[in-house]
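Accompanying notes for the structure given below.
We just call them A, B and C in the order they show up, numbering each chain from 1.
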Amino acid sequence: MHSQSLKISARHVNVHYDKTHAIKDVSAEILSNSVTAFIGPSGCGKSTFLRCLNRMNDTIDSCQVTGDILLDGEDIYDPKVDPVQLRAKVGMVFQKPNPFPKSIYDNVAYGPRIHGLAQGKSDLDEIVKQALRRAAIWDEVKDRLSAPGTGLSGGQQQRICIARAIATAPAVLLMDEPCSALDPIATAQIEELIDELRQNYAVVIVTHSMHQAARISQKTAFFHMGTMVEFGDTEKIFTNPTDPRTESYITGRIG
Amino acid sequence: MTDLKTDKSLYATTAHSKRRSAAEKRFHRLGLAAILIGLCMLGILMTTIVTKGSGAFQQSFATLDIDLLEAKLDKTGNRDPEDLKKVTTFGYAPLIKAAVEQVVETHRIETGLKSKDMAAIISKSAAAQMRYRVLDDPSLIGTTAEFKFLTNSWIDGYLKGRVTRETIGNNKNVSVEQLDFVDRLVGLGIVEKSFNMQFIFGADASDQRPEDAGIGVAMVGSLAMMCVVLLLALPIGVAASVYLEEFAPKNRLTDIIAVNIANLAAVPSIVFGILGLAIFINTLHFPQSAPLVGGLVLTLMTLPTIIISTRAALEAVPPSIRSAALALGASKMQTTFHHVLPLAAPGILTGTILGLAQALGETAPLLLIGMIGYVATNMPETVTQGLLSPNSAMPAQIYEWAKRADPAFYERAWGGIIILLIFLITMNIIAVTLRRRFERRW
Amino acid sequence: MMIYPRPLLVKSGVAPVAVNLFSNCKTNQPGFRARNQVEKINIGFLMLAAGLAVLTTVGIVVSMLFETMNFFSMHSGRDFFFGLSWAPNFHGNSALSILPLLWGTLYISFVALLVAVPLGLFSAIYLSEYASSLTRSMAKPLLEVLAGIPTIVYGLFALVTFGPFLKDMFGPEGFFALGWMNDARSVATAGIVMGIMLIPFVSSLSDDIINAVPQSLRDGSFGLGATRSETIKHVVLPAALPGIVGAILLAASRAIGETMIVVLGAGAIARFTGNPLEALTTVTTRIVSQLTGDGDFNSPETLVAFALGLTLFVLTLGLNIFALYYVRKYREQYE
């Protein structure tokens, strides 16, 4: 196991959409080689905060982010930072599997191609192969790399999307409810995969399911109405929460 | 495998990242340029229309006192209308010449022009204008009456700046001396520009008299056609849509009808003209050039548009309304006519108005059924005449003027376009307002 | 029993039904439902109205087919389809081949698409991917005004303004003194003006189609660090391609059937020329000139217009069916 170090540190982050104050003064620290889970009821801001970490909110016009978010000590909202470079370092996997209408190979090769990571065809082949291996889907698709990615099952599609994110060699992987559109068996496979990914990446996962958070994460943050109520070791949050709201949520009284 | 990781700083730019952001900027600019070119074209088009067409609404007139000599106009002296009619416009022309000579004499204008050439600055329509007025009121004979005549199109063009001393060079229709003469008359207030009612309400004129041509009669022709289209296309279109949307079983036949309608909407308009010519004129022997036939052709052309928008409006009415009415014991027919149609009415009207606007601007099919050119010289007097006697339509009239290849007629064509566009813009504004005001979100 | 003439307006359709409901009480025979009887007849009328659309198509085909057969009984089909020259002669013995006309039609349509497709497509991309909602709400309706302007206006613009402008540039006494252009009417004159007319046609259809590409695909691409243009080029456009091809086919069918712009802007010379600055003529232009002339109606010179019309109809219908099929297929993919 690699040693853990500070990967992302967010300080006093506020997010406004038009007139709504979506994120209220949230601070958090994300460690490398660990899984951090964001939990909370719908609309609590956990996805919004996740999308701040790779500046995906930039694509929404009315969204305003204030505060500092540092990746390896560098402010990602600095005007000098190109969000495009940032997103190569902070990969993202979405709620619904969204493979491009291209072949499996082209899906995974997409990131390395646009970022110019491969030196030639064989290098690219190797990157794609490694990414598919790490996403634990190589064996299932190695014989049909030129088949369209949209033809796979939901769980396979999601693993292709994970492979696609891994292929750009990110340091952090953001996952926005990656299992919510999947059946229980596919969910188990993805969870297992996330646990393996921890060896190489800092993984941040937004999840609806407290059980999932308890199973796969080392750190858990509980969000409620735009504030981060509690952030700490997963074990502590689930067994001995300090805030009464956290307790109500994990015991099923709110949310 | 950690060697794959890009451990560069976020602030670092590489040749590759610079190239990418340059490509991004280029692409963004390309899109912006495309939009701007499109909007620029719209601007150029509109400016051209307004600058070239506004001249048609102004016209130069010459005000002259004419001695209506009895010796010329009523030799018998008995004011018998039959005898008066025998005097043709040729009998009146010399009076204009005399009046112009009179002006030259009283104001001591020095000019080398012969009196024939001086009188030529007046429109050829002047004699007819005098004759009509005298026939209307024979008591004028023997008196001196004031007439406001159109000047001919070259003089009019000169006063509007379309014709200049340099451009007329070897022109046989107008000479530099005539322009000098006109300058004097303008100085004396005899020739002046004023608003041109004749253009808005008048009829087309022969290609010898562009100054006399108006779009009014063609406008009535267009109006008659629009009435036909509205009276036929709206009920048939609504009936067809109601059937397809509410009653038709979902089977292959209905599907074929729907696809057929969609395809019919994209058939070139000229094909509908051929259909009209072959069926209404050659087979059913309807009169040529009649607005009724034009209306029928445009009805067939507009019907698919109206059906498509009506079906969309019906589709937007939520099924819960239908279920509610049916549950109260209304029949399907009653449900449709009492509940669904009233709710869909604004959408249907919007679609119909847009369909009418499309029909109003259509030219090609009208050419084939003979609604072209110099076919009507007077306003129709009755509704039947309006529908059945030969007439043109606004766009066809504009085409006719464009074809005559005379700058004076081009000016009228652009002027006609201004009027046509005013109609279209009004219709579109009504449609948009209707949609805004009655738009429902379920 | 009363049949109301047409369900013209909502109100007039209602009253007679109500009257018939009352008369139902009087007849009062078991098994007799006046309402049902009336409604059967009403449905009959509604069906008739729906059938009129089909009837129109049949009318178009039959009327043109009839006269076309008439034409082929007087004129050789071989000359029409495979001849190389168009030279109608009212003393008979005309050469009436469609090929030079088709060449003109296709060439001008090609020029029009060359203008309309890049401008329309890039406008659509800009409006749907880059523009702020304010810009979009202003620019989109303004651009669509171009589609609402009657074609006669474009025709006059081509004839009086744009053609002479081109000639001032490329004519013998023109700006560049090149002498490439002898007549203001040319392929470029008609084609470019028609292209302007088609810009909103391409842009609205493409805009709809681009907007139908799911946002999740864009997010996926942005999430991997792609720029907007990379996302558009590599993800959005490939996904939207079938729909865009359909839109272009529809625009092509529009261009082929367009009449007034070519009547006024393209000229009347039937020939095979590749020079875009020379005059050419088209199928629609010849239909107008053959049917508005003073010729004897039963001469091949007049009847050829019907054969041309039928060809035009088949050509545009084919393109439309193909295009609608394409667009529909595309829509289903993302529903």
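Simple rule for what comes next: a residue touches a chain if its C-beta (ideal position, glycine included) is under 8 Å from a C-beta of that chain, and two chains touch if they have at least 3 such contacts.
Predicted, not measured: the structure shown is a model, and the values here were computed from it.
Quick one: do these chains touch in a line, a ring, a star, all-to-all (complete), or other?
If you draw each chain as a dot and join those that touch, every dot ends up joined to every other.
Which one of the chains is closest to the middle, using the mean of its C-alpha atoms?
Here the chain at the core of the arrangement is C.
Which chain pair shows the largest tally of C-beta contacts?
B-C
Give, as an integer number of Å, the spacing between the C-alpha centres of subunit C and subunit B.
22
Using mean CA coordinates as chain centres, what's the gap between subunit A and subunit B in Å?
That pair's centroid distance is 62 Å.
Measure off the straight-line distance from the CA centroid of subunit A to the CA centroid of subunit C, and report it in whole Å.
49
Touching two or more other chains, which residues of subunit A qualify?
84-86, 88, 114-115
Which parts of subunit C, given as residue numbers and ranges, touch two or more other chains?
Counting only residues that touch two or more other chains, subunit C contributes 227, 230.
Give the residues of subunit B that touch two or more other chains, as numbers and ranges in rising order.
Those would be 20-21.
Quick check on the complex: what are the subunit B residues that touch subunit A?
It is residues 1-2, 4-6, 9-11, 13, 16-17, 20-21 of subunit B that touch subunit A.
Can you list the subunit A residues touching subunit B in their complex?
Touch residues, subunit A against subunit B: 71-72, 74, 76, 78, 80-82, 84-86, 88-89, 114-117, 127, 130, 134, 169-171, 200.
Could you list, by residue number, the parts of subunit C that touch subunit B in their complex?
Its residues touching subunit B are 6-8, 10, 13-14, 17, 35-36, 39, 42-43, 45-54, 56-57, 59-60, 63-64, 66-67, 118-123, 125-127, 129-131, 139, 142-143, 145-146, 148-153, 155-157, 159-161, 196, 199-200, 203, 227-230, 232-233, 250, 253-254, 256-260, 263-264, 284, 287-288, 291-292, 297, 305-306, 309, 312-313, 316-317, 320-321, 324.
State the interface residues of subunit A toward subunit C in the complex, per the touch definition above.
54, 56, 59, 61, 84-88, 91-94, 96, 98-102, 110-111, 114-115, 161, 164-165, 168, 174
Would you mind writing out the residues of subunit C in touch with subunit A in their complex?
132-133, 214, 216-227, 230, 234-235, 238-239
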